[in-house]
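Letters A, B, C, D and E name the chains as they come in the text, with residue numbers starting at 1 for each one.
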Amino acid sequence: MAPSHYLILASILFTIGAVGVLVRRNAIVLFMCVELMLNAANLALVTFSRINGDLNGQIMAFFVMVVAAAEVVVGLAIIMSIFRSRRSASVDDANLLKY
Amino acid sequence: MLNLAQDPTLQSFGHDTWWLVLAKVVLAFVFAVLATLLGVWFERRVVGLMQVRPGPNQVGPFGLLQTLADGIKMAFKEDILPTKADKVVYFFAPTISVICSVTALSVVPFGPVVSVFGHHTPLQVTDVQVAVLVLLACSSMGVYGIVLGGWASGSTYPLLGGLRSSAQMISYEVAMGLSIVAVFMTAGTMSTSGIVAAQGAGTRFSLFGQSLPGPGWYAVLLLPSFIIFFIATVGETNRAPFDLPEAESELVAGFMTEYSSLKFALFMLSEYVSMVTMSAVTVTLFLGGWRAPWPITIWSGANSGWWPLLWFLGKVVLLVFVFVWLRGTLPRMRYDQFMRLGWKVLLPINLVWILALAGFRVTSGWERTDRLMALGIPVVVALLAIFFWPSRKPAPAPSLQEQVHARPEGSFPLPPMDLQVPPSPRTRRAVAERQPANVGADAGTVGTDEREV
Amino acid sequence: MSDLKFPAINYSALAPILILFGVACLGILLEAFVPRRLRHPVQLTVGLLGVVAAGVVVIRNAGARTLTAGDAVAIDGPTLFLQGSILLLGLLALLLIGERSVERGGAFVPHAAVVIDTPADREQQSGGGTTEVYPLTMFAMAGMLLFVAANDLLTMFIALEVFSLPLYLLCALARRRRLLSQEAAMKYFLLGAYASAFFLFGIALVYGFTVGASNGRGQGGGVDFGTIHAAVQNSSASPVLLFAGIAMVSIGLLFKAAAAPFHVWTPDVYQGAPTPVTGFMAACTKVAAFGGLLRVLYVGFSGAAWDFTPVLGAVAVLTMLVGAVLAVTQTDIKRLLAYSSVANAGYLLVGVLALSKDGLSSTMFYLVAYGFTVLAAFGVVTLVRDTDGEATHLSRWAGLGRRSPLYAGLFTFILLAFAGIPLTSGFTSKFAVFGAALDGGQTWLVIAGVLTSMVLAFPYLRVVVMMWLSEPGESTPAVAVPGWATGAAVTIGVAATLVLGVAPAPLLDLANGAAEFVR
Amino acid sequence: MSLSPYVPIIGLFAVAAAFALFSVAAARLAGPRRYNRAKLDAYECGIEPSPEPVGGGRFPIKFYLTAMLFIVFDIEIIFLYPWAVSFDLLGGFGFVEMVLFIVTVFIAYAYVWRRGGLDWD
Amino acid sequence: MSDFPYLSVLTLAPLVGAVVVAFLPRTRPDLAKQVALGWSLAVLVLAIFMWIAFSAGGDRLQLRESYSWIPRWGVNFTFATDGIALVMLMLIAVLVPLVILASWHDAEGSKRSVPIYFALLLVLECTMIGVFAAADVFLFYVFFEVMLVPMYFLIGSYGGHQRQYAAVKFFLYSLVGGLFMLAAVIGLWVVGGHTFDWQHLVDADINTNTARWLFLGFFVAFAIKAPFFPFHTWLPDAGGAAPAGAAALLVGVLDKVGTFGILRYCLPLFPEASRWFAPWALALAVIGIIYAALLAVGQNDLKRLVSYTSVAHFGFIGVGIFAFTTQAGTGSVLYMLNHGLATGLLFLVVGMLVSRRGSAMVGDFGGAGRLMPLLAGVLFFAGLASLAMPGTAPFISEFLVLLGTFTVNKLVAVIATAGIILAAAYVLWMVQRTTQGTLNPALAESPSMRRDLSVREKVVVAPLIALLLLLGFYPKPVTDVINPAVQATMQDVGRTDPAPAVGNVQEASR
């Protein structure tokens, strides 16, 4: 498998995530889509790094992992608090803020 | 003693012919299954002996085939699929557990380089630069089997059991992960064969101007890490005294409640394989792997050929015995005690220990006085901090009567003044001061006070 | 044995950032070990002292022009200027956040599940209320300081998250209207994470471009702006990766800057978040976001200016248009200010796109001026309240001028500043960015800016009409007497708006003196 | 022909998976099947199962908290491993950096401890 | 005494007064009124001294002062005045005390603070003086915009019926114009070499196309301000809603900023563009004359009617400016002054009527002259002045405009002349319907309608009437001041008069 295939995979994953955020309605699913996008970016970083034998990309991936984890923690906290006060994780149910 | 001929290095791997690889894989798998069969028998016999009863002794010699019989019986039990279950996940959960626990064996070194039909090959399925990460990954992924199984059952007890179990496993995973850091630091590698080799290298320490060979096992060099690792191993495998997911009195059979037939058997299998795998990992990381223990090393051939397999298996059996021993002697911990042990005792000790070790190693090249200063000052500061830490005196516990009186108005019908009615058991329970669990005692040698961290 | 090269770290240059991170960590410890009753004063004092200390260091660093920490951080004129402004604005925001006398117990809730005015709530607030907001704010500010100083995209990404994550949480902490607040936080978080994912993928693509460009020339790839600049200048490689990367990185930054069409979170979050936090976001986040944008465009991608200018120009026009037009229809003062902030993001983009020294300095000037004004605006919003908390619906503001002429007057002044009436900072800053953009040849942007300013004047005027020209009704809320903190913040904000409108020369000179990036 | 050292891991994985799937499938075929509605209900100690949906029910917030704490410390471990492996290379500089890092995590840890995040009851 | 900083002091003095007045206690409105009046009189005195200090035949811009403000942008506090501005400054200085006196009781009707009303009037005076005295484009723009704020509150807070609507409309129109100008100002700054100094900018060489755009930016702003025909719709509303005093200032002075701006900025800065646009501007002006006059005829509301007459008059001024002859130009400037006096008087008198009746509708009056002969007489005089009756000052200016225009553009002059006839129609009809004819019985029952002019009101109207008559017979002191400035302006535009101009003016003014 040529390395460029990984790039294509990364783009596909990213696109899935990006589209998922736009079409799905459950906060948790949205959140997972975002994580998917982050990991797609990681894959792209590592692949670029691999193709050109440059280590920087892999180091970046490390940092991204940390950031993603921090995001998970914060995001879960927020989604949980909204879930506990509404009993629903659907984004559509959260509709108090409108024009 | 560095890098003897039989010591495999990372370069030794990836050169086997295909049939050798296949053979190793199959053998490793067979080892896992056999270990389970024998392990269950072993456990029942040993516990039986401890409880002064025979244990299984009917099927086969010494009841050796009892487990096999149980397994076959299991296969012919009805396979129940509860109506509320999530079919697919319910189906796959046990397989995840098994796969994860078995796969971990792939990087465990069973022995040195041996000669098989003219091929020189290490007695180990494979080794990679990040072998220990593979181990950790396997043990982490195992959580999925449990939590998904509990969730997919569509029932309350399994769900809670699965959650508890996953909380427990990830808590102890942290402790486990941290305790390995010291090993990496000392060995300078993450490959299992490399770690075994590093332990073989031994250490030298100087005493009165003489350089003497010291012990090489990390269980000795890194004792705190070893103890924490082993405790975490027990927690990670859900074994007694940490077998909370299956606490019968609270959660029936935990995440396995809705499982029957071979699916149930698979969960059992994975538990025992985990036990064996974890023992093997402990041996690899801390007990010198396949290397012979000290008195045997007098015989120079002890660490070559197929012999090390024996030492290795012996150490594993010993550890499995400790597992069984713990089960036979210790009562189950309460969940809060258990979590507190993991988060409040093991974790901080681990971090402090890592820092201390790192500091020790960093300063190893320094002048003696500098080194004493560098190491001594933080220690002194820490000790002073501990001694002079403003200890909060707990407020004198109000008597039961006072507490009853202090309740908010209207929460409970008050007895008339003249009638001395003792507080009801419910009230007593509600207001009873929770005594902090004496976790230090449970952790055995870890014994410490919370303030110390 | 060691063949690793450790980067040299200029600690004094990094000191402001380190101080704030230290203060934030200290804040967490205080939170853990200081008795509840003392926490609020102690935290506030420590926070203010930390900000002041960082500010002093920034001033002491004034002449520094250096790259440090392995070229990951650039301490140069714009960095110092923006850091200074973030600290200054953050100080005011901290004062607003620290207000405890307007509402007993403050505007923040510790636990999402506790309903206001229940015994549990009263108990929680009796000891000075929630104080976790201070460490969170300090972390956010520290992240912002790092963000404007970041000289590579990865550092920038991390800083972005460091200042975003606390903000997400801060948004969820409103003590009243909790559902609204949580919803705002969730939206902000989901969209923010979405945007940062784009940013990150953009980084990956840019990295791919640089490693591709460096292929065969021996030097490695990377995402620091020097490498990117060199790659953009010299590369014969296909620029597809670069353009896609720029686009995605820009999306991430424009989201934070609240530029259309990435502004959709702004009104919701501004409305739902606790008002002091809204002020903090409106002022400081904007500074940080535009600081980052300036550096990315001016230092990293300047070689591709011809390619991104039209696109960003279109974004700027759309932003101004959306902000101005939608502001007209708003009925909630916080939403109105949110849309106005969107429109202001558009004006700032006009300044950015001048792509010149003047553009840089005028944008920085605008950021400071706008920050002061918007903080004062939200400060006043916190004061207009009745027994149910802040009264943010516009109909409630009718006749406010009769109830409390002072605050209505201040708010009118602020609105006039937003509308760009001369003798307010709103005018001078608009003048600065438009002038720079016209100088830079972006006539069409200036024209769009002027046209939208006309539209935007209408909603402001409507509020003024509401306050002064209507008679107060039954539902007109009283204006709370501000505590010293809010009083100081509003006073400083309004005074700065006036001073920067009447005598902007010193700050302009300062901004101009600072307007030089190091590469 | 030499295989990548990772291949055997996949091999063992495949063998284990084959075995497990075979067992699960075999149980379907080998076991008897006697329909009984009660048998297919969720087990609730012999009483009628409660109508409360399992997924929709609430469980203690502590589980989430534990999960978050785990993530935090797991991340710490991620950074500790490479540092530990190349500890000798990194020397004093690496040590100081890591001390700062661990101290930072420790601060958060102390906070969580003091605010009762580690108490399970 | 000629190096006394007249202009800056003149600008700042009312502001200081405003602050003083604003902080007077709300409970003592009379004190506030007295202080405000005193202050404005002091300003008037200062203005008279300035008039004396100005040498009619001297430099074009005199009394120049310059202080650095924002050096980075080349912005200075530069004040200077030419003849045109000087006349306008005098007009302001004269009108404001009268307006203050006239609106002695205006603010009491509303529930708002009285001192604030007078403070706002003084602030307005400050900004008006500033806008005429500025010789720095930036400074001019600042005053131009800030001027809106006090006026906005005067209309919005103290106005009559529909005051909110009127105030907002006024503000938005002006602001829109202002923003167009802002764009043009910035553009001018960029192409003019980063300076705002008027003199430098006049000398700057600007690309033809750019100049046309910039001209348009300025022109739109001034056309709205003035207001010229399609942009005029705010004026009747604002004029109708504003309190009489404020309306007098609004129409009498504020709107002159538009025409003044055209003379001061559009023409000298963009001569080529001015010539290019002149036909269009002329067309607009002429349409404005006829259209506004027609509308005025149909108005029932007195204040709105007066506002429409102003629009028509501004048409005349516009025609005068864009005819590009010295005669017409001088006529325009003179018209600006006279119109300020005449319309100011008209507004004040109408205000007196309205405050007595409590209504501005023409139908509510009728035969009021029988009850209040003096007031009716003044109204009649004001109306005549407004329709440029010979003998009153506006006659001269209107005549000059038409004469000057006729020499270059006969068609425009002819159409504009038709406007005079319409003017006669609406003024006379208005006067007839309100003060003549049969007495409206409702009026007789109203006691306030029986009060003729009080002493205060007499003091208000007397100086205006006197000035109108004086300038109607002897405008020379004013024309002497105006003429050089207008000539210089026409030189800037590059148009020389087809016929010997100065002599004609002198002749006509006699």
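We take it that a contact is a pair of C-beta atoms (placed from the backbone, for glycine too) under 8 Å apart; a residue touches a chain by one contact, two chains touch by 3 or more.
If you want to know which protein each chain is, UniProt gives these names: A = NADH-quinone oxidoreductase subunit K; B = NADH-quinone oxidoreductase subunit H; C = NADH-quinone oxidoreductase subunit N; D = NADH-quinone oxidoreductase subunit A; E = NADH-quinone oxidoreductase subunit M.
The structure presented is a predicted model; accordingly, all values stated were derived computationally and were not measured.
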Worksheet item: Which chains does chain B share as contact partners with chain E?
Response: none
Worksheet entry | Contact distance in steps, from chain C to chain E | 1
Worksheet item: Which chain's centre, taken as the mean of its Cα atoms, is farthest from the centre of chain B?
Response: E
Discussion item. If I rank A-C and B-D by number of C-beta contact pairs, which comes first?
Written reply: B-D
Discussion item. Relative to chain D, which chain's C-alpha centre is the most remote?
Written reply: E
Response to the item:
Chain-centre distance (mean CA atoms) for chain C and chain D, in whole Å, is 39
Discussion item. Roughly how far is chain A from chain E, centre to centre by C-alpha average, rounded to an integer in Å?
Written reply: 65
Worksheet entry | Mean-CA-position distance for chain C and chain B (Å) | 49
Worksheet item: Using mean CA coordinates as chain centres, what's the chain A-chain B distance in Å?
Response: 33
Worksheet item: Where does chain D touch two or more other chains at once, residue-wise?
Response: 67, 74, 88, 91, 113
Worksheet entry | Every chain pair meeting the contact rule | A-C, A-D, B-D, C-D, C-E
Item to complete: Could you please specify the touching residues of chain C with respect to chain A in the complex?
Response: 112-113, 154, 157-158, 161, 165, 168-169, 172, 178-180, 182-187, 189-190, 193-194, 196-198, 200-201, 203-205, 207-208, 211-212, 214-215, 220-223, 267-268, 271-272, 326, 329-330, 335
Fill in: Touch list for chain C against partner chain E, complex
402, 416, 419-423, 427-428, 430-431, 434-435, 438-439, 443, 446-447, 450-451, 453-454, 457-458, 461-462, 465, 468-470, 503-505, 508-509, 512
Item to complete: Would you tell me which residues of chain D are touching chain A in their complex?
Response: 56, 58, 61, 64, 67-68, 71-72, 74-75, 78-79
Fill in: Footprint of chain D on chain B - complex, ascending
10, 13-18, 21-22, 24-26, 28-29, 32-33, 75-84, 91, 94-95, 98-99, 102-103, 105-107, 125-128, 133-134, 151, 153-157, 159-160, 163, 166-167, 170-171, 173-174, 177-178, 181-182, 184-185, 188-190, 252, 257-258, 261-263, 265-266, 335-336, 339-340, 343-344, 347-348, 351, 354-355, 358-359, 361-362, 434
Worksheet entry | Of all residues in chain E, those that touch chain C in their complex | 69-73, 111, 141-143, 145-146, 148-149, 153, 156-157, 163-164, 167-168, 171-172, 175-176, 179-180, 182-183, 186-187, 189-190
